[in-house]
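The first chain written gets the first letter, and so on, giving A, B, C and D; residue counts start at 1 in each chain.
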């Protein structure tokens, strides 16, 4: 025994890990394989039985991995660049073309920074707070329909779910502010709580008009009801609702001029004062993803979601059935690259004496790839409505993201009491007025 | 504020949007260097003369004139005898731990008397007392110190600057400015004549005696390097043979017999210069 | 130089003045005892023919022999600056009444004078250090304050008399003697 | 008077209570009654350390706020973090070097920090400054005033949350600083005013830059004000906040724009003319409200007046020498001199005592920011934390000048 202990102590840490880990992995792997082999059939049946759950989980994973981080990167870069241009600065222009990789580098920096935990904080809460904030923000993305058939889940209470999860956001903020044992954080948290409570109400009420018109809370069907030209959008039927929703959305996303929670001139960084490293990065990401979500919501509710602003001639019935080609398909797939390469490369070889045949072929091959990709994309764009929808949706959303950044670049910050007063004295009555007006109109005019 | 609520905000937004499309005023520094006014005083530079040697002779006059003591220099002194420093102690490795000691409040061994060849500062203090530690009488103080030691030991200069409160650069600048001050010990020359009649008169044995007394070969220096033992180029006209010259002065009293004793007496001169450890 | 102001001051404060009213360039200077500060300054501030409403500066001075509290006043009745010197405060335990009852803004200026010279302004309800840290020992601007200084202690830089470290025996005396002529 | 002793962290007697560790340093033992009443917390009140490292305190200012919720009950500014003992240093430098020491006192308007000591030394020496030098001083000084006010406007907006105007005002300031570099030879601490004149005459480089700038002077600042003055958010935040009436202003020994914003047309350039200002024609803008907005708008008006003064200087600039004849080492007769000038922040004053040596025996430097910072304790209580920023920014303190 002592010999074993002595041997164990002579091992390096990696060696110990391997020594223990490899057998464990083998055993567990074997067990899993056997288990799957035994349970395969019922498992498949179960998954097949409730596809919605599968779709939900997959969509969640996809959104977290694929959607949020790149989106946040793009929004951050947009903010850096746009505000810089409004300040007559250049903004980031060193990393990548036009500094487009700046936010990526920011992310790396944040990752590589020390994850510091100050003395006196409530460690578990302090650690969980960024996760809570980030997750609640990401969860809101699940029900946002980006294109026909391209959404995480289509609840029939989608809007309700949105506001519920979005409201959970403030819980994370409160955890952060309370746990970090710092007065700035505390003040920022209390502001955040008060603000989100005050602005949830006009936010929700301003949408009631839309719900009345649509007769449903499912975002998907709200969008589909706005199909047609841009005259069919809710923005025309609900201008007041749009205004209220926009203002309340600014407050919900904690953006200037209503960013009370981290008013960096007053409370140093608000609830995030004590955070550093990737924990701060989570707050950062959450904020910008939030901006994206809110803009997407504005688009979905008032600007027709993925619908094109004018009657787009689609779906084009492009009767292109690969199966019809039969054996020709094989030839096509087999010969197209060769022929395309030669055909596209030939002119270079003929026109320039300095280009050898090999170089010409390489150029031709590259060009062919470009052409092929372009062709496939065009085909998809014309024949798959989701591609068009996605393009329109993203485009509209980023218009509103730009508006948010634009406001941040322009406006000073309002004071807390003014903020509250505005919410309760102006937005709330206006929202109620909007509801009554809409209801009356529906009753009088009818659908 | 305009009457329409939100009008100012809208106007401001329009304004920033216009700015958004204006060209940026940024100067991309490494690629584009802004032209700096010819009057700009900001650049510190060391000038080289036409032979490519540094013009700065480390006299510290600039450093002491700098009101905010931002000039911070170190180097060899003009005759390349020892290293000089001007500036914050932290700048120089050999003084870092010293200032660290001082900041920690402990007793600091003052390096002034250790780095250079030590002399007995009592003599310096006596002179300073006589002059009331007045830096404005620096010239006379230095003259008296030189009269005392036959030269200006660096340790003495440090002591003077430490006691009078004059910057070391002032003291050192004054000392290097006047030709009468010297930092080395005076090298005295003991010369024997090698002309025929001196040799006939026993110059050879005289030379050996001197060599024994000075503990130096002919043409070499004494071990402490203060006396050069050489031969006269020409016989001093009218001097008796064999001829020994001290600093070119014929020494008729030196004979073959007392040569060694005289040389030994010569080597032991200037008691003040004897190092006191 | 405003002769009329001189006449006015002499007529008004003839008995209180410790020394003649001096005038040079655009400055008029009167010296009073520390005890007279409240009355004189109140009169200067309140009486319409004087009307020195603006306190331009308040500072302490250490002449090497005595301490002074110096007030500079501005009035629209005269083109001159008025300098009121509360003279002859003892170097140890200098005390002078505060003028915060006239100019509340003098509070910090008095705090600074206390911080730098140790002049105690009676009646200033917040008299503590302002520029120096709370636990600091000594009053830096006094003439007998010696500042330990690394650079000056180092072999490269000499030691100026005002800043002798463990102080050579004669530095302070020579300093004060050489400068005691002023003030 | 011995060497100072500071407590060191490895001192066993130095203990920081655990319950306060990480929030704020232990409450100091009360030395005065004022401190006692300040640090006695009623329930519902808490102390908040604003600074020394805080984005919105200009420089290293620490304000201990006593808050009730978000409302400021009382506050205790703690200054001295930037204290360099300039007065002591000046006593150990000769007269020319003393000017360099006063230079970095206020790094935003350095020329005004040089101006008052220079005038004081000239009084001590009975030097007559050439008129051309005086005009050049006024010209450079007004340029520097514009630069300072431009920065003020930007920072005022910044502390209220608007992040754009500050960069525009920096554009304006940058051009002026480039000009002054061409004239004085330094970017920030122009050590330009000398006893008996100025260091160097106007040169072509400066004049060309100035002429180029005068054509579009104040463009960026006007842009910023166009963005701000009409903005409801800013106006609502600044109007009626931190009101200072003129009796209180006099009692607080306030001077400069903060005084004029309270309706007192007191400008030393008129009230106590010191240079060639009597020969120049300009107005003294005043505002009656005395709140943050008034203080902000007053600066905007002063920029216009400064432009007028610059224009007149360029037209009336006489020819002649720019330095009086003086020995290298000046030894004024024993005496006292006081000189005060009107700077962008108020009254900069120097009280110099000469003892006949080549070093000033005592050199007192009065900086307006130091006096104005007291107003915080007067104006802030009752306002919200957000307003502390507005008030602090509108008073425009420069900590370099406050701490000296």
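Rule of thumb we're sticking to: a residue touches a chain if its C-beta (ideal position, glycine included) is under 8 Å from a C-beta of that chain, and two chains touch if they have at least 3 such contacts.
Because the structure is predicted, anything quoted here is derived from the model rather than measured.
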Most central chain, Cα average position: D
Chain pair with the higher count of C-beta pairs in contact (C-D, A-B): C-D
Label of the chain whose CA centroid is most distant from the centroid of subunit C: A
Approximate Å spacing (C-alpha centroids) for the pair subunit A, subunit C: 67
Cα-centroid distance, subunit A relative to subunit B, in whole angstrom: 72
Rounded Å distance between subunit C and subunit D, as computed from the means of their C-alpha atoms: 23
Separation of subunit A from subunit D, taking each centre as the mean of its C-alpha atoms, in whole Å: 48
Contacts with 2+ other chains: residues of subunit A: 86-89, 409-411
Touching two or more other chains - residues of subunit D: 164, 171, 227-228, 231, 233
Residue numbers of subunit C (touch at least two other chains): 148, 160
Residues of subunit B that touch subunit D when the two form their complex: 1-2, 5-9, 11-12, 15-16, 19, 25, 36-42, 67-68
Of all residues in subunit D, those that touch subunit A in their complex: 21-23, 46, 48, 54-56, 70, 157-164, 167-168, 171, 227-228, 231, 233-234, 236-237, 384-389
Of all residues in subunit D, those that touch subunit B in their complex: 93, 96-97, 100-101, 164, 171, 178, 181-187, 200, 203, 205-206, 223, 226-228, 230-233, 235
In the complex, subunit B residues that touch subunit A: 9, 12-13, 15-17, 19-20, 22-26, 28
Subunit D-touching residues of subunit A, taken from the complex the two chains share: 83, 86-89, 118-120, 181-184, 187, 191, 256-257, 263-268, 408-418
